[in-house]
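If you scroll down you'll find the structure; I have some questions about it.
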Amino acid sequence: MAAELTLQDVSLQFGGIKVLQDVSFAVEPGQIFGLVGPNGAGKTSLFNCISGHYKPTAGTVRIDGTEVQGARPATLAKHGLARTFQHPALQLHETVLENVLLGAHTRLPGGALEWAVRLPRTWRAEKALRAEALELLERNDLGWAAHLPADELSHGLHKGVELCRALLMKPRLLLLDEPAAGLPHAEVETLIATVRRLRTDDDITVVIVEHHMGLIAALTDRVVVLDHGAKLMEGTAAEAQSDPRVIEAYIGKDAADDAA
Amino acid sequence: MTLLELEDVTASYGPVQVLDGVTLSVPENGAVGILGANGAGKTTTLRAISGTVRAGGRIVFDGKDIRGMRPDQVAAQGIAHVPEGRGTLGDLTVRENLMVGAYLRKDRKGIDEDVDYCLDLFPNLRERITSNASALSGGEQQMLAVSRGIMSKPRLMLLDEASLGLAPSTAKNVYDAIRRLRVESGIAMLVVEQNANLAFTLVDTATVLETGRNALTGSSAELKGMDEIRRAYLGG
Amino acid sequence: GGGNDAGRGGDAAEGAPSPGITDTSVTLGITTPLSGATAGPGTCTVAGVTAYMGMKNAEGGIEFGDGKTRTVEIEALDDTYDPQQAKANYDQLKDDVFAMTAGLGTPTNRAWLDAAIADEVPQVLIMTGDPIFSETEQSPWQLGFVPIYQNEGEAFGELLATSTEEHKVAILAQNDDYGEGYVEGFKSAIEGSDNIEIVDELTYEATDTSVDAQLTELANSEADIFFNAMSVTPLMISALQKAQQLGWTPSWFLPSNTSSPTAILEPGGAAAYPGIYSVSFSKAPQSPAFAEDEDVQTYLSALKDYGNYPDPPAFPHCQWSWMVGATLEQAFQNMEEPTRDSFMEALRSIEGYEAPLMLPDTSVSTGEDGQPAVSTVVVQKFNGRGYDTVETFE
Amino acid sequence: MGEFVQLVVDGLSTGSVYAAIALAIVLVHSATGLVNFAQGGMAVLAAYVAWVLTNQSVPLVVAVLASIVFSFVLGAVVERYLMRRFERGDPDTAVVVTIGLLTLITGIAGWLWSYNNQQFPSLFPLDTVSFLGVSISIRSIGTTLSIVAVMIVLQLLFVRTKLGLALRAVAINPQSAAFSGLPVERLLMVGWGLAAVLGAVAGALVAPQLTLTPGMLDNALVYALAAVILGGLTSPVGVVIAAWMIGVLENLAAVYVPFIGHDLKIAVPFILLFVVLVVRPQGLFGRKTVVRV
Amino acid sequence: MARVMTAPASSPSSPSSSWRRRPWVRWATPLLIVAVLAVLPLVGTEFQNETLARIGVFAVAVLGLNVVMGYTGQVSLGQIFFLGFGAYVTAYGVSQDWNIVLVFVLACLLPAAAGLLVALAAARLGGLAIAMVTIALPIVGVPLAKRLNEYTGGSQGLSARFAESPEGSGLYDDQWTLYLVIAIGGVVFLLTHFLVRGKYGRAFAIVKGNENVAASMGISPYRYKVLAFTIASAIGGVSGFLYMLVIQYTSPETMSFGHSIELLAAMVIGGAASIVGSLLGGAFYVLVPQLTNQVDASLTALLQGAILLVVLFVLPGGLASLPRALTRGRRRLRAGRGPAAPPTTPSSTPGSGTAAEQPETERQGHA
């Protein structure tokens, strides 16, 4: 089930700005893969290239061997790619449940006409997915908020709602952009447990961008470090954390000392 | 001398009351932290101070009751609020954002110096000086938001998760810089921070909010020593 | 009830009073644009008839053919030149008014033409030159007031045909039935005259802000006659100015509703042209020739006192609507029963009535099928301040 | 050839009328983030004020200046007591409010001054100059030059002055701007006031040509909007050039493309607009807004 | 994730909404509505019925606009064009004596096809750009209708009467017409009501809210914009059919650009993205001119402008937000008495009006 993701010499340019330069790496099915690097290194842009929001200026992106660079995000989503956004983007005036249900879009059968005449199979599916969404929220400790408008939730909680929305898509490849940002330490632990469960229970390949090195170390099988759009190194989290280039460019000397 | 004094502050969004008596005080040139779980009311506390949310209780800044003032009036008192999330003006360039930060200042020379200071602090911004703020990466936007706060040369800075989305080394740089500002320019700080390790490098005292109330208040050292704080906010 | 055309009114007993008329008063309905782009002339269509009837009411009312003296009430509604709204206004008024009259606009009147026929409500003396309203067969309950557009165009064509010289004509016409009617009438009149050649023919939209481009194009045709079937006052002024700027000074033909000496010719600088011709059937109050005219003075003061229209109007529709009032009075005087049938009969039998403000040689005659109440126009030439009637093109 | 050049010149002069309104729309948009449909109405109102004064034998220039002052106050008052309620809400609602305002203002003008056409004295003489076989009225030249001057002032205001920066900042995000101490409410009032002033200038420039009626600018509004979008909402220079382009191309298409003719020439600006926007969504001169994921 | 309990007293189910959720209410309400609609044409006067029928026409037009603009967020200033197109198709079909069912189908399909074509091009744009492209429809439509005078009757327009009440029904024409409007309009409303709930409603809403997110949920913004626009055009076509049914005449003025703006105003006044709001918007479109005409026909513009402003000033969310505004007002009254919410400056009252506090959202250009 879990997807395989391969990037080959992906480059991206905006006007004169080189955002990504020849980035290549491969994520094996079922891996939890980390993507780290300083601010503006191009991590989110790389996600955008994978999810179809940006079209790489050069290089190939393959999911399960199929070239997908240039494909539209909606198409990719239908083929099992889900992602969260660095800055949570919810429908603020809708309830949390409705927000999460959005993730079910591709799983709901029927065209516009069928929904307009309310064919039984449409609302049966709706009901089933509603139940599933509630359960998902419940499992992520957000059940209490299901019927609140999203704007009544604080910033940190939006992250959780976004995660649920992505999970309801039943993806095979999940891209998480800084899921731990703004979470207190205790919540990060919960998040780690959740993501681990994703792999074991749901058989999903996960790519995570995160500045929380604790989380990266605890969770990832492998990491790629980006700097100025280029791959600086690839290896395990531990290798990365002790790589002098990474310390220099990213973690900072003192921080590394602190951690040691 | 206390610079900012909150006493029994309440606040609500429409009918939903989210602050239920928050009390804290920031001394002149002091640095105070606010910790708490998601949704505890940290952001709301800062909003109550800066006048973006309707508040009850007493909010006194420099001897003056500022509760009920409009945000720009509060800013004019010398309080800079660096909001959570994308606190930038997306359609303005980086430089224009910085100039907006300096809106209340008249010293041209000082402004130019501070622009340089910010750009030195965040070299990323120097590279993107003519870009629209909305094109920046998440972390770069955060840098810009903090820089805007610095540009306004306030007497008190309200920092809402200033390290959000910043790389570890950058986050550390930011806190170093803030600490320096505090020492060199005498700016007082009220910081909300999830990265408590980082926060404790700056603040002298901190308060922990729980469902809109002070659950604990103490000096950094005291708090760092407490088990439940370690477990919830510091790790290990 | 029965599923028939006649709405719900059903047919009342023979001779019983129709709606909107009592022994002491009669109510007339108007739907016309009172706001929006055509509000200027629209307001005038109400003001004139209101002023006329106001004056009559102040004198005690009008004596009808059945011997009763009645005052005349007018209910005017705004349709903003929207057919749909005009129909709604008609629906609202039809049960309360005796007849509908004076409203301006072709589509707005057409919108309820069929309904008025079905309901047997008179839709008479309306301000549109669309011939359909004067075809008795098709429109038994209708009668137009102003000359059909073709008539006006024709009148000028006939005048031109009297000329013996060679003429080149440039035409600019509003892109609707108004412009088309004018051009059609004009062309039919010059048919067969070898000395007249149409060298260029363009259109404009009533919503245009400028007709400079058309003028530039037409000026290049070097025509010596400019037939400008334009109903929009500001555009007419700017056309007059633009042609001068281009150094093109033909003789002009202007329609009756955009030829006001004070509101159009003066600001347009018409003195620069060798001849400005227009057709008309009403005295121009602004013209010095009529300054002392009794009709004109009564009209202007009534307009102020009863018509709620203090300024001298820029549009001739005020005068026309005043004549509508007078024509209605004629019909009322001859109508023997307080019914719509009787009214229509009386209205259709007015012959050669010289309504106040009418120019010599023109009159209201309602008997001719295919023609509106006024079908005779005289061609006039601008004399610097007002108009003089002319017989030949010189 | 002579005709071609004349058509271009005519187009520029018509385009200047559109540009006048377009600039005011740009100003309000840059200062409040709204598209103000009432802009033309406010300009007409200002023109009526000036007209009333000239009828009291106040010199034209003084009357126009007075109408400018009147407009500033009017704009500020409209912002303070009407628009403010809608500024943070759904932008569609705010736009509809400006539509309502347009209707109201037109109604008021019609009520006070009737729908009669009124002659508005021209700021420039009616004479014509001609060169190269092309004749141009002094009035068009004056109008066009005034528009260019206004455009330059506006461009400088936006990019060079602190006030311009503050106005833009407030339009983008009032809350965030307030954190830097920008007096949001006052700036919004100033923004509307200035836009109304611009409207008053526009009104005085075009009223002699269009003759003063309550709906004088209704037809120009659509063109002005097209110019605003075509030029790029944020660029005064862009919208003026776009307005000129519209005026000129429309004329040329009407005369030289028989299929289009004078009746369908209005389609030309929209086809142009469409083609341009597909290639450059931000308009010809607009700055690209990046919406990042 | 977080342990923070939401403030307990503030559960979203206000008394009124929980009342609405009772099962018998859910069943009885539609039945009641159907019953009322069934007898309505029988009790009104002729003029009342005609007015109601007109309201139906424009309610349907506003509903269409709501699909593309209220729900999907694509500003369309062209809706009146589709009404006009539908009306012309109907008038032409009737004049050619085509079967009326066929005419109806064509009156939906042809505008829908036109809408689809326009949308295929216009949906590539967003925000104000799409507004400008759609504004061109009525603006070009008017001269085009004049030019195609073979089919449209040119500027003299087309009349068509085709809704005489059937023999033996015992109904007056106005009653029969109103029944037809209610039946056709009712079906359109019902279908739309179902459509904007559930899958498509959410999809439209996210296309309005954030196209990037929409795309990553598998919802192609382009396709859904095109879909919404096409549906709106089809509904516009239906309203054109009803227009001919009720007004029985159409001319180029029917689709003049000003009406498009008025439709937009009616949509916002009724309540954007609201089914009931569409109905109220239609009522506003029809009744306000009627009302102002009654008050003073020479001041209609002034009065209409004033009414529009007053309504929006009091209810920025539109007429459909009245119940919500009332409950909020009551809640605020109650809260106001408690110690927790002392008054502050008006500028800093979140939740006042629709303008719920969105400190970090940027305002996008929008028409």
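Here the chain labels run A, B, C, D and E in written order, and each chain numbers its own residues starting at 1.
Keep in mind that, in the parts below, a residue touches a chain if its C-beta (ideal position, glycine included) is under 8 Å from a C-beta of that chain, and two chains touch if they have at least 3 such contacts.
If you're wondering where the values come from, they're calculated on a predicted model, not measured in any experiment.
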| item | value |
| --- | --- |
| Labels of chains that are neighbours to chain C and to chain E | D |
| Higher-contact pair (C-beta pairs counted), B-D versus D-E | D-E |
| Far-end chain from chain B, centres as C-alpha averages | C |
| Where chain D and chain E are represented by their mean Cα positions, the distance between them in whole Å | 30 |
| Centre distance in Å when chain B and chain C are each reduced to the mean of their C-alpha atoms | 74 |
| Where chain A and chain B are represented by their mean Cα positions, the distance between them in whole Å | 28 |
| Centre-of-Cα separation between chain D and chain C, whole angstrom | 36 |
| Multi-partner residues of chain B (at least 2 other chains) | 13, 16, 37-40, 52, 70-71, 83-87, 89-91, 134-136 |
| Shared-contact residues (touching 2 or more other chains) in chain D | 106-107, 110, 172-173, 175-176, 185, 214, 218, 263, 266, 291, 293 |
| Set of chain A residues in contact with two or more other chains | 44, 53, 85, 89, 152, 154, 156-157, 183, 187 |
| For the chain E and chain A complex, residues of the former touching the latter | 1-3, 5-6, 11-13, 191-192, 194-195, 198-200, 202-203, 205-206, 209-210, 212-221, 223, 227, 231, 356, 358, 361 |
| Complex contact set, residues of chain A against chain E | 51-53, 72-75, 77-78, 81-83, 85, 89, 91-95, 98, 101-103, 105-106, 108, 110, 112, 115-118, 122-123, 126, 140-142, 144-145, 147-149, 151-152, 154, 156-157, 160, 165, 169, 183, 187, 190-191 |
| Chain C residues within the chain E interface of the complex | 1-5, 7-8, 34-36, 43, 46, 76-78, 80-85, 87-89, 91-92, 95, 106-108, 110-115, 130, 132, 175-178, 180, 205, 207, 308 |
| Partner chain B, residues of chain A touching it in the complex | 14, 37-40, 44-45, 86-87, 152-157, 178, 181-188, 211, 213-214, 250-255 |
| Partner chain D, residues of chain C touching it in the complex | 35-37, 39-40, 42-43, 175, 202-205, 207-210, 212-214, 216-217, 220, 233-234, 237-238, 241, 244-247, 263, 267, 269, 309, 311, 313-315 |
